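In the two complexes below, chain A is the common chain; its partner is chain B in one and chain C in the other.
So, the complex of A and B:
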């Protein structure tokens, strides 16, 4: 009867180990399914205001979708290519003004104004980006793009006959119906904004998986080494900057009919700085980072009904805490955890079999 | 036939000529070395050849074409790839990611060249480190990764800049094995090295540079007997004593 007593004699340590090994596959499953869970959560978040009847939720949803799309597009040049571009808000504002002028001034259709605006933004970005990106280090780009942004803002504020000056410009049109779907309502504009968010996400998703995207990461990590591996560093940096600026202009075209009012404040550099804050908070160089960052940065204060005035104070505090405790952002922290869990499983199973 | 031809190359930094009217040819498939005391101009010559610096004078031909002053990425696309003194890798990226970046360069752009070693990961025995960030690797493995990345770009000729500096004896032996394997696969290799012992057992030919001028060129055993080389390395007193 000695065999019956063996399980009881099993050392406590071993039991603990088996329990840990049993828990590990569950964590690994969670880790593996998290991207899918993430996409599902995003889908629910997107569908919720769209299906609901609350005008406030639609307004907030549109605002957050536009901000998340902007952060996603800035992430392409900052997070992947590692270039410090300070002109993102300027291109966003440029998109809003250019599209509004094309539609109400030149009588172009709204949908036609989007590619035209993006084309103009691309030419502009290439002209600014090329001289600034020829040097390594990033200070040139930050300075030149900052100067360009301020110049664009001053131009918008002082060219009264075209932009309406510092008082801003009223936008009285709404996008024409497309494929039988009306964009004139606030719900229609919400779908326009989320559509732009999804397009931006898709672009970054595809870039991340492409040869071009991997070359951008190489440029971000070490420009000299990247060049000696055959990567045309200047061309890659420029392509990322132009793409990112074109996306900002595209998102700007949706802003004008949504707010029915645009002002030079849209181009202010502190808008870019808060986008950078969003990226750092959410996780720079990750797909989910910009969205998580936007939700935290714009969503929480709005939901807490904290006045606009305190948002930057909260942002400051959150960024300090974030940088101190999770230098890779929320998304980076989650990814790190997941990696540890999957690795634990990978190590625990063969070990357990051996023993 | 020569794969690399350097003709009267001079590189001047202000009043100082780091490399003076150097002419030499590297044959296809050769495993050769470039040696010389500190400050002899070895790295400058490499920088000029690899497109990092433009020569003040003279021309460089690679594979029959004049490649003087072409950018590093164009030279790399043509198959002339260099590594850096010590180990220059992407510290935050894993071996897998680094090799993936490097191996995607030769495809698509004009010249379609496959790397001479197709499965670099296996050939270099990287499997067990594959998902570690390159910055945390042992320094010997880091040097090998640098060479592996260069190979993955589809390099025809490798310029290795002091690959053995600061390695332990065992790591040096490993590195020599890796270099021989790469050479056996058909890559022309030119190694800059300060350490004579590392090169002696490795290369068939050594070029000796001193004060920017070539003072000897030949099989390593022979050139180390030459008084000028001994003098350059040990100083004239040692020569007088010896």
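So, the complex of A and C:
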């Protein structure tokens, strides 16, 4: 996984330069404009259920937006830092439970509960992540976060007085209006979920462009080399894990009012495995990968009405086949193809050869 | 008073031995092949179902136990030949593939076996009096069996030439190949052994607890905690850690709170890692960075 060559490993500027130098035939033009096209498609996809009248589309859109946001946040620690965090669903569920308890138990406002929940999640993630990441490579983190996820699920199921036990917990509040916009309707909740998705995308986008993001990729590609370059490997891995867990908790706060019901099943390790499957299918370590993967995994079976059970079986098979034969995912495949086109064009021009 | 303590110790050893039976498979596969097999819990689940079907079909518990071991060994062989062989180069690839196997096996099992809880009658019933302590006969049998299984496993690794070849492969693949060890056969053997232990653990689990398609994550979680505690890849370490965890859980739930039963192991693991980053019995100096 960590050795899978993602487009990030290559400096992106270089690709742009060769393409600019070239006479820019149609393919290279297409290749360069694809990110813009991608953003436009995303905007249309987001606006479509939001403007339409169908309640079903709104429901489906909210679900997909939440899943895509989760996949995007998991991508930060798995795709960029190359660390296996199996506790993502646990933090998602933690966010839902903690925010619901803060709002209905302690009487805190919904919008205040989001940063509070994220803060709690950060402390929790640091407590787990530090001992797990201190010395060895990725294996400790995978083991310990899996154990933590199971523990969190069992706690949610057994702690009747607080979480309502295995039967779950009803949530009877909706977010307060903000700046005159009501979040009490299903349309309002849809925009809340899309907002979470856009915030997650923005965070990952900014991280990817920052020095911190490049350091994460260096850690993923070669820890020893990264340490020699003066990168604090443990601190970077821990920061990625804590950030990604905080984002999961943030997205969880939107889940509670949307479903108006939380059960310990939300914290099941299967949810995390599904997200990993989404990342692998879509393309791990790319910005568009989680969204493409979510659309394929949740959108298509939902529209075709495949039974949940077989959906998960197919998902498992996709993970196995994907890892063995197509580790770069759909998005990676597209990128690879595009890069080949632009590079071919760049090579063909005399200036490029001179350089 | 001391009777109470002795009872708790006995329970702890029994549960710990069960955990150790699960964990030795995970540890051996990780130590030799570098693959963290998340699907190990699914083999425990399948083993329990095989024992259940054997017992309800009238073959008896012993045949069920044997059948579970053989069938899971075969299942492991198939998985190794088809999938895990191709992931030996990278820790993370093997791990991810095993996650996919979890999804396939567990959901197919839920479709075929239905999610109902099942039980089979244990071979022994009633209680035994030893020195004034009342012990459940079946729990005593499980304790004897796990001790026997883990002991036989350890002796196999230490004394036989196969065991020596396995340990040599774990220490240095290239070196082992140079002195004539058939590496591909050894990895297959390791996987078969680990899976057979999982099948045995499943049959023993099934004789004590309810069998469902979703039972895998409990034993897997305990196995992982033991793998970390024992110092990744050390079989004796994992067995000792298993008994330690079993004692911690039984004393914790007897004298503190039974509801938090699964939390004791996790806390034990986190505290251990803070002071002994390579686990209780791990080899020092393995840290890379």
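Worth a mention:
In the analysis below, the second predicted complex is superposed on the first by the 315 of 355 C-alpha atoms of A that agree within 3 Å, B and C clash if a C-alpha of one lies under 4 Å from a C-alpha of the other, contacts with A are read in each partner's own complex, and residues count from 1 in each chain.
As a working rule, contacts are C-beta pairs under 8 Å (C-beta built on N, C-alpha and C of every residue); 3 or more make two chains touch, one makes a residue touch a chain.
Source: prediction; values computed, not measured.
Legend: residue contacts after superposition of the two complexes on their common chain; A:214 is shown touching chain B, with no touch to chain C. Of the two partner chains placed by superposition, only chain C is touched by A:316; chain B is not. In the superposed model, A:233 lies in contact with both chain B and chain C. Between chain B and chain C, it is C that contacts the larger number of residues in chain A.
Of the two partner chains placed by the overlay, only chain B lies in contact with A:222; chain C stays clear of it. In the superposed pair of complexes, A:276 makes contact with chain C only, with no contact to chain B. Contacts of A:142 after superposition: chain C is touched, whereas chain B is not reached. Residue overlap on chain A between the chain B contacts of one complex and the chain C contacts of the other covers 224, 227, 233. Here chain B touches chain A in the complex through residues 50, 71-73, 76-77, 81-84, 88-93, 97, 100-102, 104-109, 149-150, 153, going by the rule given at the top. Interface of chain A with chain B (complex): residues 211, 214-215, 217-218, 221-222, 224-233.
Looking at the complex, you find that chain C touches chain A at residues 30, 36, 38, 83, 86-87, 90-93, 95-97, 99-108, 110-111, 217-218, 220-221, 224-225, 227-228, 232, 259-260, 262-263, 265-266, 269-270, 273-274, 277-278, 286-289. By the touch rule above, chain A contacts chain C in their complex via residues 1-3, 82, 84, 127-128, 131-132, 134-140, 142-144, 146-148, 150-151, 154-155, 158-159, 223-224, 227, 233-234, 269-270, 273-274, 276-277, 280, 309-310, 312-313, 315-320, 323-324, 327.
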